[in-house]
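As structure tokens, the structure follows; a few thoughts come after it.
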Amino acid sequence: MKRILVIHGPNLNLLGERELDIYGKVTIKEINEAIKKEAKTSKVEVTIHQSNHEGEIVDLIGKARKKYDGILINPAAYTHTSVAIRDAILASSLPTVEVHLSNIYKRESFRQQSLTAPACLGQVSGFGMESYILGFQGLITSLKDNKMS
Amino acid sequence: MKRILVIHGPNLNLLGERELDIYGKVTIKEINEAIKKEAKTSKVEVTIHQSNHEGEIVDLIGKARKKYDGILINPAAYTHTSVAIRDAILASSLPTVEVHLSNIYKRESFRQQSLTAPACLGQVSGFGMESYILGFQGLITSLKDNKMS
Amino acid sequence: MKRILVIHGPNLNLLGERELDIYGKVTIKEINEAIKKEAKTSKVEVTIHQSNHEGEIVDLIGKARKKYDGILINPAAYTHTSVAIRDAILASSLPTVEVHLSNIYKRESFRQQSLTAPACLGQVSGFGMESYILGFQGLITSLKDNKMS
Amino acid sequence: MKRILVIHGPNLNLLGERELDIYGKVTIKEINEAIKKEAKTSKVEVTIHQSNHEGEIVDLIGKARKKYDGILINPAAYTHTSVAIRDAILASSLPTVEVHLSNIYKRESFRQQSLTAPACLGQVSGFGMESYILGFQGLITSLKDNKMS
Amino acid sequence: MKRILVIHGPNLNLLGERELDIYGKVTIKEINEAIKKEAKTSKVEVTIHQSNHEGEIVDLIGKARKKYDGILINPAAYTHTSVAIRDAILASSLPTVEVHLSNIYKRESFRQQSLTAPACLGQVSGFGMESYILGFQGLITSLKDNKMS
Amino acid sequence: MKRILVIHGPNLNLLGERELDIYGKVTIKEINEAIKKEAKTSKVEVTIHQSNHEGEIVDLIGKARKKYDGILINPAAYTHTSVAIRDAILASSLPTVEVHLSNIYKRESFRQQSLTAPACLGQVSGFGMESYILGFQGLITSLKDNKMS
Amino acid sequence: MKRILVIHGPNLNLLGERELDIYGKVTIKEINEAIKKEAKTSKVEVTIHQSNHEGEIVDLIGKARKKYDGILINPAAYTHTSVAIRDAILASSLPTVEVHLSNIYKRESFRQQSLTAPACLGQVSGFGMESYILGFQGLITSLKDNKMS
Amino acid sequence: MKRILVIHGPNLNLLGERELDIYGKVTIKEINEAIKKEAKTSKVEVTIHQSNHEGEIVDLIGKARKKYDGILINPAAYTHTSVAIRDAILASSLPTVEVHLSNIYKRESFRQQSLTAPACLGQVSGFGMESYILGFQGLITSLKDNKMS
Amino acid sequence: MKRILVIHGPNLNLLGERELDIYGKVTIKEINEAIKKEAKTSKVEVTIHQSNHEGEIVDLIGKARKKYDGILINPAAYTHTSVAIRDAILASSLPTVEVHLSNIYKRESFRQQSLTAPACLGQVSGFGMESYILGFQGLITSLKDNKMS
Amino acid sequence: MKRILVIHGPNLNLLGERELDIYGKVTIKEINEAIKKEAKTSKVEVTIHQSNHEGEIVDLIGKARKKYDGILINPAAYTHTSVAIRDAILASSLPTVEVHLSNIYKRESFRQQSLTAPACLGQVSGFGMESYILGFQGLITSLKDNKMS
Amino acid sequence: MKRILVIHGPNLNLLGERELDIYGKVTIKEINEAIKKEAKTSKVEVTIHQSNHEGEIVDLIGKARKKYDGILINPAAYTHTSVAIRDAILASSLPTVEVHLSNIYKRESFRQQSLTAPACLGQVSGFGMESYILGFQGLITSLKDNKMS
Amino acid sequence: MKRILVIHGPNLNLLGERELDIYGKVTIKEINEAIKKEAKTSKVEVTIHQSNHEGEIVDLIGKARKKYDGILINPAAYTHTSVAIRDAILASSLPTVEVHLSNIYKRESFRQQSLTAPACLGQVSGFGMESYILGFQGLITSLKDNKMS
């Protein structure tokens, strides 16, 4: 049975309360329930973390290599500033999928640069909560199938 | 019953024959079959076009507004050079999803600029053929559901 | 009797239906009627084309040299991306006027670069449908008068 | 009866004497007469100023709001360097049209950036003296008509 | 009674010992006492934190929304590198004032870019310890008064 | 008794009439009264000027050295374009404080570059009329106290 | 017997009539005759196309893989704007030589960027019609000989 | 007898009092005396102006054409920001020499861009007061001699 | 007896397991043993830390001033993104040496910018584990000897 | 009988020994023999030099004007850094052809800038040794024929 | 008696034969005679060298410190590319004046960057041969007089 | 017995006489003695050259391949401008170590770009004379040991 590590980056704990025009009304609890339901359907194990600390996220990924088969991550603000998370993903060698709630191409220009995406298998952005589900499915498919990338 | 227009951009007709390290072994025929199967499951109608001509793609999108409920597009090379396709998507007002076979963040720097993505609902890249399926599902979900934006 | 070629670039066929806040409510049909009326008043012959295809616009300009005395063009999206249309205008040696419905200086930064304008006699932007009429008059005056440029 | 303020920016007092290859043989006196004739035809009142002083132009525009219905301005060199004139136009809330004798896209790259144009209704460039007449007509039409901008 | 959260960013714990030419001789203890005295005068409650950890600052701001009416922050080095703190401020919706001891415009060019300032109400820089007091007063005034911003 | 020169840059004479969303409803008269009241409280003499002319502002600062102990300036549009005012401040050797009504970091990118700030003691921006009062207090404190800068 | 596909890009049909100072007096007919004569001498088959349409050029290259052994192309204006033609050349895997009549390094800076050249074997520019003949010979030699590239 | 117009730009009236490390101890009075002495020796008439106003300098140059044979100018801060003075020099057609007291290459990067120099015959910088004398001699020589430029 | 603080930045705990082509086969344990052996030979005390947290590294350096005579640091990913660590080194006033296992000049362009190096005495990169030993020796020599820097 | 000067730039003496994947196995001796053979066929005299010294190459070109009718040069590394060689070519007024063994568009971005090419008649790159032969032929043709450039 | 070293950079040996529109008809011999005559008048010793070799110029300056009191240099093409000459001038500590025949501000943009000027006392450009004489006089004056720089 | 070639770049012959604040008091003679002593200890043969000529350095490296086992180079000014030396190092295939006396990250921005470092094994900078010794040791270790990259 495959094990997936899901990481929510900074400020995602506040989801659903504020900036509804950008991130929608969904809460992190609802996203986590949807991921767990999807995991059940896909018959994979899932562990979910949220952290506002770049270092903690690096720690999590650093320990992931022996415990998980893949990573689903929304690095949020760290997408655009963290070489450390990029290096952690590369060092882990685990297939990793990057997801974003909003379409980063519609926002400030600095949000259109992703330091972490080049270390990932793929990226899904703009579908709100559904970005997580689509990214999760893409990750599962990639673990089963070698037709990709 | 929802109707979806699928557009494959330039050179995608050659898929599966060459540059296998970047785009994989899958052919456009196999992608189309997978999309049709997915459409059947999702109970939506689907029409698929491939064109190497920017103008033809602009024509297709221009006529789509009254005939379709959403667009799934892989603009390929035109992603990075076509303001005309961007404007066509904006003019159509249809929810549009952009997909890419490869992870554009791992490639030449000019491929990391998307002129079309800011006109779209969301973007999926890096999952090979699966990018189409995930993008298709994301589009369908967005047509049913208003939790997204 | 002077002959003028009028070219509408990509997506202008959709005018008046969408993005009314940027382009106004006027339709391409109304613009064409206004141009024809103006042509009648000015006693010049006028031929009008709309195309979404960069290549077709290059074809039209390439053949214009022997059949027309001047060109009025709204290159729309191709303003910012087409070296081919720029070269066609230069190769035609015909006095050419570039017009834009919206004030391109109020929009995205990439719309503030015009590849075609350096090949033209002059440019009119921001007056909606009236941009065409002013550009048309400017072109007619330039054909009669050598005090300009 | 509508009242229009016309402003000629720096060095335009020297027109017709020098740099004939760029600006043509026309003098500021001839331009002013043409504008007055056009104003008569259009049945609008017109007041014309020329100044080499950025501050004076800001003063003129600052006082214009209660005395005029629109502004026609050739900011000349200040087009490319004056945030103060841009802010004055914005503060005046008057519909303003920017005109240039020469096609600024054919000249030094710094002349292709207009700081004032984003504060204006529209811009006309490249038609020599005729740029003023076309800009004047565009301004008049915009005062009568709401189909624009 | 209004409650204000004051946050000192990285390395501010070392104030007054080193780099006296840039930051002055004042210590963090003296700044805190001055803030508390000012708070007493203004009759507001104040809580003060110092942290070298970006994640901790994000945590503090994330929890501030229900407990405080405004934030006074010197993000120090994180001013120039932290999208996460910018997003935390935006997510908190609290009026936030950014202060700097030194005049950041007199220093290295990378210190002249502030990622956090666009998320704030206002910014005060260059007055040494007094920057905190001025920023504090500005924040208090903004909480009482709607004439601003 | 300390003497302070206050300078309002271009277009600030129009305050309170227009662009209320950016600059607020306050008028220059109200700001001046608030400054005078503050001056009375602080027991300093104050002289206030408004000018739309860069040269006049340079003149004022050039003559200030022997007549004043400090300068409070809102250079407005000239903040971003005037090396002459920057040089005048440097040549005056007077402690100078730069203030802005709006938060310049929330506006067009060219407004985020200040040519004058590196010549000043400090900067206050974003507090509306209160920016003047805070800047005034900061200037007074700096004249009394050497703990700063 | 080797087969070579020769492609003339946009506006090359107008050669010899205009802009003689840049492109010389030679016509496309004369170039084609020279190529055919050279082909005869070299004992290779040659097929020649001219198109103003980016999409048609992509189509031609896409179909070339099974019918030709090499491509000689003057992409003209598309050299600087077409990722689609670059991708078509890469997808074709055919040895391709890029030629230019004029020395692109002597012209506008945007003409010094070639999007297509990195996909080609080599490039010849600046020799007028002779560029085609030299490029043709270089292509033939490369088909016979493995000492190159 | 040749007539030369000498123009001192903004803040040069303050020379010799402040920023002695950059501009030296010399006063504008001493510079003017040295120029007059040099003029006497060279048997040319000289008129000297100082202005802090860009517009006044444009006025002076605009009127110079019929009254002078050449211009010696230290545009000071306007060197780097004034297109209007550049255009005035070009419009005057008078041989103009630009001088600077300090070596502009040793200072802030924005001082290394000269908008006015391309409109001048030559430039002398870095010799303190002597820059004026050398520039004056260079101008005189150029008026007598055609071996130059 | 001199005391040296050694800091390993993010992801260095994973050394020797992955990305062997870039970082080599050596583990952090082996590096630490080599450093300790070198310390013994040089008769200096050494304390070694590894942290993935930027804030922890700032804490460590902040406390180092009174406990150590010098710092040897491999900031890893934080080399390119951390102004906070740069400021901590500057605030500590301790001679600090920056080391890198790989030659950062052979890698992605963002790795060629070091925010921390300008705060250090010197930098050693590209020698694998030996970079630490060389940097350590350089630091020791600098503590004994004033011929350097 | 025409005389051609052939210049090999820096490091070309090492050809055929190293970096075979970029430059191929051919040696400078083989290239020189091929050039001599080609010269014989074309009935032109040829003199060949190799130098690693920028100054020597400038010397050679400086003396070439009276002794040769044209220059064939592979400036190698100096292509990208030598304004002196560019100026020497311009000063010589001799038709000059630039050649490169490798396709410079496929390599590091700094190799895609040629400082020398704008001073040349044309450029040939990417054909290995054949680049010299093609460039030589192009030069000969240009000496005989005026249809070019 | 003061001794001055005069250095002519690359290609200046060819002066007067070619590119007369840029550099004038004067030859290096004529310049040298003028310098010698000026030296006689000024009662200083002068030694003149011309070299096309960057290394030779560095050698000359390196040996100059003990033998000369000042340097007059026209670094020509090396102005824009030689850090080595810049460093040699700095290492020599001799007052050095940079001269250019043409006005470098009127030419290609890369000629407007001077790597050597920041190491010099001053710069004179645009006066043809007279640039040398003016620079020579400026250097002599600076050796006698401390009022400068 | 291993043989090492040591190369000192331009102006290093002047070391110890000037710019002591940047390069220290050490002379090239002292550095050479230290290197020879180190070589004796390490039992390797060493040959030392200093040259101000880029071409000579390229010559030296070009001949090094058969005579030496490694290179220690301080390219000085050529670090930032010489593609030729970079190519020579690459062509030599010898392990090469780049050293700098000063910390290049603390100096002008153009000194922070190294064209030669990507061709080297590693780089040591900022330790004064000790940089050479550390670099020498690093090179020796790399020749003995394969643990390094």
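Per-chain numbering from 1; labels A, B, C, D, E, F, G, H, I, J, K and L assigned in written order.
Just so it is clear, a residue touches a chain if its C-beta (ideal position, glycine included) is under 8 Å from a C-beta of that chain, and two chains touch if they have at least 3 such contacts.
Please read these numbers as outputs of a predicted model, since none were measured by experiment.
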item: Proportion of interface numbers common to chain C and chain G (over half same, under half different); value: different
item: Distance between the centres, which are taken as Cα means, of chain E and chain A, whole angstrom; value: 31
item: Distance between chain centroids, defined by C-alpha means - chain H, chain L (Å); value: 48
item: Where chain F touches two or more other chains, by residue; value: 53-56, 81
item: Pairs of chains satisfying the touch condition; value: A-B, A-E, A-I, B-C, B-G, C-D, C-G, D-F, D-H, E-F, E-I, F-H, G-J, H-K, I-L, J-K, J-L, K-L
item: Residue ranges of chain A in contact with chain I within the complex; value: 53-56, 58-59, 62, 65, 81-84, 86-88, 90-93, 115
item: In the complex, chain H residues that touch chain F; value: 9-11, 13-14, 17-19, 51-56, 76-78, 80-81, 110-111
item: Of chain I, residues touching chain L in the complex; value: 21-26, 101-103, 105-106, 112, 114, 117-118, 120-131, 134-135, 137-138, 141-142, 145, 147-149
